[in-house]
Amino acid sequence: MALTTESLAVGLAGVAARMETAAEELNRLDAQIGDGDLGVTMVRIGRGVNEVLGDLPDDVGMAFMKCVQAITKVSGSSYATLVATALMSAAKVCKGRTEVPLSEMSALLAGAAEAMKARGKAELGDKTVIDAIDAAAKAVVGLDDGRAILAAAGAAVDDVIERMRDRPNRVGRARIWAEKSIGLDDPGMVAFRRMIEGLAG
Amino acid sequence: MALTTESLAVGLAGVAARMETAAEELNRLDAQIGDGDLGVTMVRIGRGVNEVLGDLPDDVGMAFMKCVQAITKVSGSSYATLVATALMSAAKVCKGRTEVPLSEMSALLAGAAEAMKARGKAELGDKTVIDAIDAAAKAVVGLDDGRAILAAAGAAVDDVIERMRDRPNRVGRARIWAEKSIGLDDPGMVAFRRMIEGLAG
Amino acid sequence: MKKILNDVYSYVDEMLVGLCAAHPEYYAQVSEGARVIKRPEAPIAGKVGIVTGGGSGHLPIFTGYVGRGLLDATAIGDVFASPSADQMAEAMRAANGGKGVLRLYGNYGGDVMNFDMAGDIVEMEDIPSTTVVLADDVASAKPAEAAKRRGVAGMVYAFKIAGAAADAGKDLAEVTRIAQKTADACRTIGAALTSCTVPQAGKPTFEIGETEMEMGMGIHGEPGVWRGALRKADEIAAEMMDILLADQPLARGERVSPLINSLGATPPEELYILYRYVKARLDDMGVRIVMPLVGRYATSMEMAGVSFTFCKLDDELETYLKAPAECAFWKV
Amino acid sequence: MKKILNDVYSYVDEMLVGLCAAHPEYYAQVSEGARVIKRPEAPIAGKVGIVTGGGSGHLPIFTGYVGRGLLDATAIGDVFASPSADQMAEAMRAANGGKGVLRLYGNYGGDVMNFDMAGDIVEMEDIPSTTVVLADDVASAKPAEAAKRRGVAGMVYAFKIAGAAADAGKDLAEVTRIAQKTADACRTIGAALTSCTVPQAGKPTFEIGETEMEMGMGIHGEPGVWRGALRKADEIAAEMMDILLADQPLARGERVSPLINSLGATPPEELYILYRYVKARLDDMGVRIVMPLVGRYATSMEMAGVSFTFCKLDDELETYLKAPAECAFWKV
């Protein structure tokens, strides 16, 4: 199976829809250790991307780039910029191709995680969305079936959320509430989990 | 009997002493319809005048002038400036004399009331200290004995305070609380009453 | 009381020491502790002197506006209290460069009595002086009793325009005429959202509900026109403009300088939201806007609220308004 | 919520409309509603451009400092929220006069990510750019982790000095070096007495007792060093100076520009009381004071509190600090 602009558009539409229903939960989680806007941010990202989905170029890399633009336009939230950064890294890898084999998904996710680390000056273990993406990258190594990839990634993210729960947030706004963040789920990791659910439709 | 620098100094020392004990009452009255500082002002006037009492010139007019300077130095309150204005008007009348017959007291008070009217742009009946001084001026017409003057003036002031009580204050800070001032004694009139008590020793 | 200070009785003196220490090029104490501030170069020979004075707690008013093209000296009282006639006389001496002195200040009973008294005092020293009193607060008395109105932010225009006229070498009569013309051209209306706290009082001057505002309130908390629920910015601006325009109409083709002033805590962000409305409406009316002022020009310490002042201009006033001027709080 | 506004969602846009309407000589919108403000004459051919950006609610920071000898353009977010990378890229385009652009802003996670992203975007358009991030808030991290510190009022010095260097015709590398040198020379410590209210939140950002203060609190209410009873002005000033001097000692004969800054509601009267102490102590230490700044230079809307910034100077920085500059909020 392969990633095409068409399948990408379907997947992203699913993500956008899921964000509308997840907004409240994400705002609530973010409010505990941040500024409580993550749900709003995800809705903005979803709607922004939705607007360009009908009009994506066949070049998968260029299609990713168009989504990056849509996102940097609608939000300056950390998470939006990290998502844009991740998609930009995918755009570079996919540029010039109309089909990208799903077997590359692990590498795409790993590349995204690296780009996000550089952007956010964060490390693995800092309890951010990067831990979730890294876990997903590792879980889908060797898989090339869409359903299987989503299932494995979802399970891996659930697991890392669980494992990280009792550790402190070490970067972002939550850093200043590090002690308070122990025992709480990182909102960015949960948002990634909801995105996977959205992709699964 | 006559007013001399010596008898003036004795009288003013009595006023200064009475102000220390009257301060609280005057602050309280002023707080109801003003800024609550009249007691503080009277203490300042008393202490300021006290400092120059030992050093007054024999010329009664010049002695009054020295008190004026002492007062304008220590306070910018309305009442202080009105008292200074009254003393200045007395200074002009007494200038060049070392003895001023007490039979002139009514005229001195009437002159002071006129000067204060001009200074404060107030009329009789506006429920200010001027009503009290005017009443005192009228009450001491023809008297030339110190005790008798103080007794008549005191009674007249008590009477005018009583008569004015149920009218509104029409000038000064109290003007904006005109309605509220009905039923309350004008603090400036009461202060004048306490000054008479001080003069009486 | 949430104020940063050492002692309520030294609030004013320490403030003045800091002010003069921070800006020695603009402000000098006439003598230590006298609470009389002058331009370091005052008195300026051959120039009409301009003095003002009043209670502390209104910076930049009063002392802040001492400077080139503005005021020569000022007498400062305790917070919200008149300085003494003695201080005012001292300020007049410091300002007198041989051409006489204009007393230019706000219409408050105590200040008026003291400045008149001070005039009597310096008259004995042969310093000629005149008086112009600002009475621009339209909420403080009906038009029929306009002379009883209090002086508020309109003082900023009077200081600036009279200061420029004195700087231009006009004589005392002429500076006085121009100052009076400016005073007559100014109308102000204020609205308060929260109280300030006078240090010596130690508690807020007035109580006001969590969602209330008071239209027309004075800068010391004097009662206003109405008290009620906080309205939207455009509604507040509309009412304030209505009040100003009813008192002094502005016709198509006329010009005005509007001052959108914070009473202290209200941030510039919110002033600009208000100005947006004022500008659009004046444009609509065909009134020309000259040198709009938006900021903290006349305050009541940490009071939240705003005032609008409209200064109606003609060629003469506009020229002086735009003339160069300089103090620590304002440069033109 | 005691704020003067029409709608929490239009707070920033209406504020920017009013700002540009009041001061068209200083501020122009790049396009309606874009929340990117530039000097009307920008881009200026042959001059290095300087851009900044960050959340609204800090006027004069950020937009206020767009002007001659200061900044060329700025990207503005919602109150206390980062603008988007897209806006920042737009600001960089507006500022680029062919000599490249310096991104000069405060160290906040979101702002840093977005400005880096914006740099990546304009790199594709061949606009060379550099970054200098202010991290002057000593209370926000230990000296060993100084790079993690937040950027606060030190930005004022960086804008002024880098702006003057760009104005003097220095190239991008040189402007960047000078900006970084300024950033390294600034230390700031803040203390809050009351909270501000973010319009979209509708209630105070934090709770604080009627007689409490918090030392070291951040400009968005980030937790500080201690919270306790409100102290006397001189005690507060002494502790703040101790903290600054421990982080960056000042020896006899060295020079510093001190900024005594109100976070919003604290009136200038109280800043001058504090400055009185600062000046006396620096004099005592034999440290030379250059261009002391006292006023509202970097705020958090209606928050009561103050910050002290010490910018340690040498000949180069002093020259640029004193060079002419002009915006609606500050003229040098």
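Some observations on this one:
So that you can tell them apart, the chains are marked A, B, C and D in the order they are listed, and the count of residues begins at 1 in each.
Keep in mind that, in the parts below, a contact is a pair of C-beta atoms (placed from the backbone, for glycine too) under 8 Å apart; a residue touches a chain by one contact, two chains touch by 3 or more.
What you see is a predicted model, and the numbers here were worked out from it, not measured in a lab.
Centre-to-centre separation of chain B and chain C, using mean CA positions: 33 Å.
Note on chain placement: the centre of chain A and the centre of chain B lie 83 Å apart, centres being C-alpha means.
Averaging C-alpha coordinates per chain places the centre of chain B 57 Å away from that of chain D. Because contacts link the chains only in sequence, without closing, their graph is best described as a line. Pairwise, the chains that make contact are A-D, B-C, C-D. Chain D contributes residues 2-7, 11, 14-19, 21-22, 56-57, 59-60, 64, 193-194, 210-211, 230, 232-234, 236, 264-276, 279, 292, 294-296, 299, 301-302, 304, 306, 329, 331 to its touches with chain C in the complex.
Against chain D, in their complex, chain A makes its touches with residues 35, 37, 69, 72-78, 80-82, 84-85, 88, 119-121, 171-173, 176.
On the chain C side of its complex with chain B, the touching residues are 77, 80-87, 89, 109-110, 112-114, 116-117, 120-121, 201, 222-223.
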